[in-house]
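Have a look at the structure below before the remarks.
Labels run A, B and C following the written order; every chain starts at residue 1.
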Amino acid sequence: MSNIYQPDLMTITKVIQEAPGIKTFHLKFQDEEVANNFSFETGQFGEYSAFGAGESTFCIASSPTRPEHIECCFRETGKVTAALANLTEGDTIGFRGPYGNTFPLDDWKGKNLIFIGGGIALPPLRSVIWNCLDLREQDGRFGHISIVYGARSVQDLVYKREIEEWNQMENVTMVKTVDPGGETDDWDGHVGFVPHVLENDFKPDPENTVAIVCGPPIMIKFAFEALERLGFKQEQMVTTMENRMKCGLGKCGRCNIGSVYVCIDGPVFTATQLAALPNDF
Amino acid sequence: MKTATLNKSDIGKCIDLLLQADLRVIAPRLQPQVDEDGPDALEVLTFTEVKSGEGHQVGKGLLPLNGVKEFLFAKHEPLFAYEKRGKKIEIIPVHHEYPQTVIIGVRPCDAASIASLESVFSDANAGFEDPFFTERRSRTTFITYSCTAPDSSCFCTSVELSPDSAKGSDLHLTEIGDGRLHVEVITKAGEAVAKQLQELLKGEGDQATREKAGAEVTEKLTRIRDSAPIMDWLMDTANFDDEMWQRLGEKCIGCGACTFVCPTCHCFDIVDENKGSKGYRVKIWDSCQFDHFTLHASGHNPRDWQYKRYRNRFNCKFKIYPEKFETPGCVGCGRCIRACPVNLDITEYMAEVAHKATNPNAIKAE
Amino acid sequence: MIEQIRNQARQLLENGDVDVVIGYAEGSDPSRTTPIFIRKAEDVEKLIYDPRCINSLPLYLNKRHEYTRKGWKKTAIIGKGCDIRAIVQLIAENQLKRDEIYILGVPCEGVVSHPEKWDGSLHDGNRASKCIGCDVMIPHETDFFPGEKPDVDRSSPYEATSKNVATLMELELDKRFAFWRTDFDRCFKCYACREVCPHCSCNTCITDETMPSWIDPAAHKKGVFSWHLTRAMHLVGRCTGCGECTRACPMGIQVDLFNQRMKEVVQESYSYKPGYSLEDKHPLITYKVDDREDFIK
């Protein structure tokens, strides 16, 4: 019988230092059959193991439209992430997944999209951003795409190269910001918290638009409130939750918000769904 | 249904017969104490693997402290081994023995909890099957024993069970007086075990006396709470912020005693036990009452006060289990009440909720 | 007696001298009592005191449980002598300030060892062994005491140890080890022993440390032994012997036997018993010229 707790092995093919304490891994399955059978959709997550330390939960930060490898991006905060950060190219990690639900791309056809993220919450958005950009490139299925992203300081911004790439794209609006005090002399973006910049500087039009928000619970709360003041309805707002998890399989009992298990029923939720949940996140 | 009678004094012989049939037998036993007669000593009754029919406590004492959970959902479960070789890792499966097991002397509340655990660990839950649980479950037979003397913490009748319930049982025993037991064969697994015990089982049972005995014991339960309106009240998310949670829960000290003795609590952690370049990934019991249980890497904790952790536990029993897993979350065994060092009593929460749910004068949040 | 305590508690609350009174109330069944936080003067009638009042309430003064004290500036607490020893020890360890606490001392005739053993009265068969030889039945450090406080000689550096420790120490080493193996086999690491302890005051308990992980979190032999033995070491010279760790253990493990044995060692080595002086530091963090040195070889 198959062991649901046993990971597949992956090789780290590339390590990128995104920001202080934040790294990206490019990962490839070691077993060819596993690689061939693997597929995922944007929004899903996995359990990544550093053998000897344990497992950590991160989203898959790459887009399914670019299947040559998968990526994860993490900040060093505890035992497992510290052990992961010590690994280098060619090292082996474990991966279980993909788990969870996905961003409802089919519902977004013909709509404008705004991605709103803060700090280390860009990786989950980055997967869906590239997914949407690539699909729009193929068949023009989405309208205008905007990205509002901020971090504590300039050096804390992740995917700096891609932020510039998005900035250069003609049919993408890139709004970048850093918290007050986090700017540098040559900073050409906004200064202010993400929800504030969203509401007062960017002021998106809610008409035929979906806003996808990712960040710490407090940022999600303020971003949703800002969006509502801008005229967005709850069904136009989507988020992905990052509750603490261990199994990813609906069994270990940690990630629940009321009867909703983020690992099984999430991590992607609309604001309408969140509003129906008890205040436990 | 097939029935028979069995002499109570033959239970030891039953255990011996099962052992002779190469079955692993688990039964309630008293554990040694430093000073048996001292004022600090309490009888410590636990389910333990037994090697003979002597000294068993089947039908004596009320509830073993540990319940049967640990024999299906191990306290410490190696999931696989790994070995690092340079940049490569080898994953080595761990060989698990799943011996055919009979647990004898299980009380009805504990037996009823098996289906709940199964609803979490089987593939009925999101299609993911925990093979360690299901392998053990499929090889375990439960011989249950109706209660005769519930104590002041028992409340099974408040959660739609009874001290003589055969729910979750394979072979059910009920005392019918004169040192005799009424035996009911409930399942095929129970029938297989009954076959092993054939030489001790006599004729037909006495259904009428059994029903009467069960009803008499049911009368002895004093702690009756109305659990019917609880789930509906909890479903109203506004009540999640009700004042009662903090008022009743502020004395909670955040140990995990209630969760670890609970027959339906299923939370676990996954950790690596490393030694040099090798190690095991293991699944170990964990508790939603611990402060770091839901702590995010960012430092944010959705349940930052102890009363919120207990609120989760209560919701898990009376809302999450029935809503998400469609099984009861509480079987009324009363272990959490007996175990709580500060007398935090789940039935006081039940009473409070039932009162709020049914009392029209209670202030209901919008 | 309890009427005087209630009156004093009422006055303290009415005058705004304290924000809360921590005491005991009737529990959810007749053999049990429960900790209660009284904030309103009219609720003082709920306060009780009798031999069923087992809990060591000072655990709520410990900063590990600080969330219970959010917004409280001054706390009154009902204490039997052994609990007041815990308060005194917390103060001596700078975990608490004396003027944050108002101690309502109660005369104590001993408490029952477990609620299960309560049969309506206290007697030799159910009196907790910690109460035998107790010299703080009339408590030492109080702000209020109902009636006259007689003088009690507490000069002996030795306190009685339960018969259990002697019984265990008489066993051959391998038998003693076998006893603990059987007992620890039941431990599932719920940490009730830690959470009821007034002295487990570390911000992060060593068993919750992950970098590095000093103690295996699993409840297997290694994880359980290292947890209980480490905890015993952390309490050497600090444990005031309330016995709550044993009383709270849901699996009937007599955890406090370690602490009692260590207490004997500290008494023999340093003539010290914790919880009697607001100033004295426990011997393992101090040095005195006349400390024993004969173990240095």
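By our rule, contacts are C-beta pairs under 8 Å (C-beta built on N, C-alpha and C of every residue); 3 or more make two chains touch, one makes a residue touch a chain.
Predicted, not measured: the structure shown is a model, and the values here were computed from it.
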Result of counting contacting C-beta pairs for A-B and A-C, higher pair: A-B
Chain centroid nearest the full-protein CA centroid: B
Intercentroid distance (Cα basis), chain C paired with chain B, Å: 31
Between chain C and chain A, distance of the C-alpha-averaged centres to the nearest whole Å: 48
Euclidean distance of C-alpha centroids - chain A vs chain B, Å: 39
Two or more partner chains touched - positions in chain A: 78
Interface hub residues of chain B, defined as touching at least two other chains: 269, 271
Chain C residues counted as touching two or more neighbouring chains: none
Sites on chain C touched by chain B in the complex: 27-37, 55, 59-60, 65, 67-68, 113-114, 116-117, 124-129, 162-164, 167-168, 179, 182-183, 186, 188-192, 194-196, 208, 216-220, 223, 243-244, 246-248, 250-252, 254, 257
Chain B residues touching chain A - in the complex, by the definition given at the top: 79-80, 82, 84, 87-89, 91, 93, 120-121, 125-126, 128-131, 134-135, 237, 240-241, 266-272, 274, 279, 281, 283, 286, 288, 293-298, 300, 302-303, 308, 312, 315-316, 319-320, 323-324
Parts of chain A lying in touch with chain C, wherever the complex brings them together: 78-79, 82
Of chain C, residues touching chain A in the complex: 210-211, 213
Of all residues in chain B, those that touch chain C in their complex: 31-35, 38-40, 42, 44, 46, 65-66, 70, 75-76, 152-153, 223, 250-251, 253-257, 259-261, 269, 271, 273, 282, 284-285, 287, 290, 292, 304-306, 335, 337-339, 341-345, 347-348
